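In the two complexes below, subunit A is the common chain; its partner is subunit B in one and subunit C in the other.
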Partner chain A sequence: MNFDIDAARLHLAEHEMDFLAGSPVVAHCHHFNLFWDQTMDDALGEEAGRRVRTVAAHKSSYRLLQSLADEVGATTPVERLRLAGGVFSAMGHGKLHLAVGRNGGLVRGEQLHYGFGWREKYGGTLTRSAPADAFATGFSAAATEVAYGLDPGSLAGNEERCIVDGSAGCNIRVSANGAEPLLPLGVDPQSARDVLPPPFDGLYEDQIGPVVSGLRDFLSGVAGDERGVIEAFGVLVTAHLADYYNHAANDVLEIIARDKPHGVEAFRGLLLEAGQSCAFHTFGGVLASPEWEGMVGAPTGDPLEVVIGCVSLARAFGFGRWAIEEFEPGKRLVMTSPGTYESLFSRLISADAAQGPGGIFVGAGIGIMQLAHDVTWVPRPSIDGALYLELARTNPWHVEQDSSFAGGDVLDRIVVTRR
Partner chain B sequence: MTNPDFAALVRGIEPLRACFIVEAASGALHREFTRGPMPVEPAAVARAVAGLARAQTDIVGLAEPATLCTLEWPSVRVIVRSVSASALVIFFFEADTKLGVARMHITNIVDELDALLPSTRPQTMRAMPSVAAPADVEPSPAPEPEPEPAPEPAPATSPSTDPSSSRGQRLLAYLDENAPDTHAALLRVSLQTGLPLSLLKSPEKLSGDEFEQVTASVRRILGVEQLPL
Partner chain C sequence: MMSMLSPRFARDVGCRADLMWRCDLEDPSRSSAFVDTATTDEFVAVPEATRMGVAVFEEPVSGHRVVVVLRTGRVQVRLDALTPADTRAREAQRVFERLQSVEAP
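Let's look at the complex of A and B:
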């Protein structure tokens, strides 16, 4: 079933956030997604990490699929399973063949984003036996529950076979679950409107606005191809449930703060690194792409032009209304936002909002300054792993967050300076 | 023809059945290590594989040391790697060795293999010679093994050979060289082990138990069961 993802999207224009059937969605690439999942597993170990990620996927997917089924009037199990498979592919996560009944069953996956992406990125250099597709696993369990009108958490998924170890395909088993029921909490548009402060303008809005509009027009036509894959800008892109990341990171932080507090500093450092990776690979990949050249013009190497491009991309990807408060080329960037998809979740849902994990806004600050100053844009650069490592080794930028919306401040604000 | 240093270097690679250093132009054997009997004659394999490698470099050229070809035979996986303009190394791995693991082992020792080559080797890597004897002609006689080259300073990429560094330092230096996203590797070890970053930045202070935890973490990050340290 082809699913028109754009028709079901609600754009909260004043806060530059997107919602799909009431669930916040953002665009992220496979570099960010793999690093994110890896960080969760580093924190808890592969098995426990996978469990937390699967539950995060289950909770966030249940909310999405239940609302979506209600919105489009899908009432029978067949309709609901088709709808689930359609939206999964449209979001760029691959293809799911859901052969499931009320008590579960077998789900066959093709080109599942995480396994496919892992093989693409690491398959030539690393070996792996632990399955990679926790998101597809949690999604499959949720899809079965919604299809048959079951409570969230009554079923559980387990990926039995994954292409990361050389298997030909991915198999996910959905079966009855003896664990506790899940509480699928999440951010919704109304609560976002209620809690976020009024939006405000930053510098260069007259340049940012048109670029965001153009990007949104362009992105509205982007969805998974016949394989359920979105290949664009040199990366594998997903429209992803923001609360998948948020549930996983918050749950992991709670566990390690209790069980191995010395690891918290490293956890935060790695989330920041994930944000940096996102800025480099996704923002950088877009800026270096022919699509960007056609839409905005190829970057000339002017740092301001790059910063404006990146802030526009963050908005178009649903990260929040990022704004430039100050920019002094070669020296300093101050960015603000009434909130981001991370800090909004922490403020609304987290047990201890002040300790919300965050990372995307702060890490992207460094990544944006690297792209603006440390990348040669003419001729067009290769935004690849080798350049990323080179920039990471020579990074001259330092970032501080001096205001945290999650922690109770009125906005998010970061300051990036040269060391 | 087995050279003690060469054998010591490659013997630690568990899935490796045999390894030859070969003169690129002629296919003549410089060094040879085998673990048990081989179903084929090493010299014949060396000649044939050198011919294959020559054919490839004649077509596409070669700007720097690289893996030239990978052969998946029923009983063994063969990887041919150039280490200089004049020398190839042929690795024979167990047939069930994953290619990623094999490549990682090769990457780990290739610099040290380079140091075992005759001292007349070029100072810089360059393209393989494009004119060479075809593979099926009689090879020129194997040159006499030359004396070992004068010891060179350990390259920066081989911390395990620096006797003055602690085992903790060697371990983390090895991680730094081989981890994906190497700049984030220490953070990953800290998160996996729960050991503070400040301690990991002074690895010589790791206790025995902490060292074991870090070793397990490094194995996990690199996706291997054994570390060639």
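Let's look at the complex of A and C:
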């Protein structure tokens, strides 16, 4: 079933956030998605990390699919499973063949974003036996529950076969679960409107606005093809559930705070690096792409141009209304936002909002300054793993968050300075 | 025969696993003419992707796409994501040679 993702999308323009059937969605590429999952595994270990990621996928997907089924009036299991498969592909996660009944069953996956992306990115140099598709696994369990009117958490998924180890395809087993029921909490548009402060302008809005409009126009036509693959700007893109990332980070943080409290700061450091990775790979990749060259022009090496481009991308991708409060080339960047997709979740959902995760906004501050100052744009750079590691090794930038919306402040604000 | 493309053909920036390759038009001001001439039965226009100052056409049999930046003449050969890894460089070269055969109108 082809699913028209744009028809179901709500754009909260004043806060630059997007919702799909009431669930927040953001655009992230496979570089970041793989990095994020690895971050969770680095914090907890491979098995526990995969468990947390699968549950995060299950909770966020259940919420999406239940709302979606209600919105479009899909009432029978067949209709609901078709709908689930359609939206999964439209979001760029690959293709699911859901051969399931109320007690579970087998799900076959093709071009699943994480396994496929991992094989493309690392398959030539690394080996891996642990399956990569926690998102598809949790999604499959949730799709089966919603199809058959079951409570969230009554079923569980397990990826039995994944292409990362050389298997020909991916198989996910959905079966009855003895674990506790899940609470599929999440952010919704009304609560976002209620709690977020009024938007405000930053510097260079006259340049940011048209770029955001152009990007949004471009992205409005982007959806998974018949294989469930979205290729845009030269990367594999997903329209992903923001609360997948948020639940995963929040749950990992809770586990670490409970079991290894001395590790909390280290985990925050990992989240910050995920933000750096997002800026470098996603923003940097887009800036180097033909699409950017066609719409805005190839970066000339002017740092301000790069900063404006990155802030525009964050807005267009649904990260929130990031704004430039100050920018002094070579020295200092101050970015603000009334809230981001992470801090909004922390404020509304996290048990201890002040300690809630976050990292994309903060880490991206460093990544943006690296892209603006430490990348040679002319002639064109290779935005690749080698350059990322080189920049990480020589990074001269330091970031502080001096205002946290999640923690009860009126906005998010970061200050990036040269060490 | 007078090709519209420069002879240099190499992996593009951001290329992942040999999927993105780059060449350039000799004369960027002739980008639109190149797109018009290259769009044949072998390469069909992809109207939904042709915006933001780029023109996109696709080889239907393989799924490979060609992205042309109209104002700069940058040409990116973007192989289909499912192209087997061991055939990518060869496939890219094949597409490039096909594009080289596009003659100036």
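As a convention for this text, the second predicted complex is superposed on the first by the 419 of 419 C-alpha atoms of A that agree within 3 Å, B and C clash if a C-alpha of one lies under 4 Å from a C-alpha of the other, contacts with A are read in each partner's own complex, and residues count from 1 in each chain.
We take it that a residue touches a chain if its C-beta (ideal position, glycine included) is under 8 Å from a C-beta of that chain, and two chains touch if they have at least 3 such contacts.
Treat the numbers as computed from the prediction; the structure is a model and nothing was measured.
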Subunit B and subunit C placed together on subunit A: clash or fit? fit
>> Contact-wise, after the overlay, does A:D194 reach subunit B, subunit C, both or neither (first, second, both, neither)?
In response: neither
For the superposed three-chain arrangement, angle subunit B-subunit A-subunit C (C-alpha centres, nearest 10 degrees) equals 70
Taking the superposition as given, does A:G285 touch the first partner, subunit B, the second, subunit C, both, or neither? second
Go through the superposed model and pick first if A:D206 touches only subunit B, second if only subunit C, both, or neither.
neither
### Task
Scan A:E180 for contacts with subunit B and subunit C and give back first, second, both or neither.
neither
First, second, both or neither for A:E47, with subunit B first and subunit C second: neither
* Touching partner for A:G124 - first (subunit B), second (subunit C), both, neither -> both
In the overlay, subunit B and subunit C get no closer at Cα level (Å) than 12
Where subunit B and subunit C land on the same part of subunit A: residues 123-124
Residue positions on subunit A within touch of subunit B in the complex are 35, 38-39, 42-43, 45, 122-128, 166, 256, 259-263, 265-267, 269-270, 273, 277, 389, 392-393
Subunit C contacts subunit A in the complex at 12-17, 19-20, 48-49, 51-54, 67-72, 74, 76, 78, 81-82, 85
Per the touch rule above, subunit B residues touching subunit A in the complex are 98-101, 103-104, 180-184, 187-188, 190-197, 222-224
Per the touch rule, the subunit A residues reaching subunit C in their complex are 111, 116, 120-121, 123-124, 214, 217-218, 221, 227, 229, 231, 234-236, 285, 288-291, 293-295, 297-298, 380-384
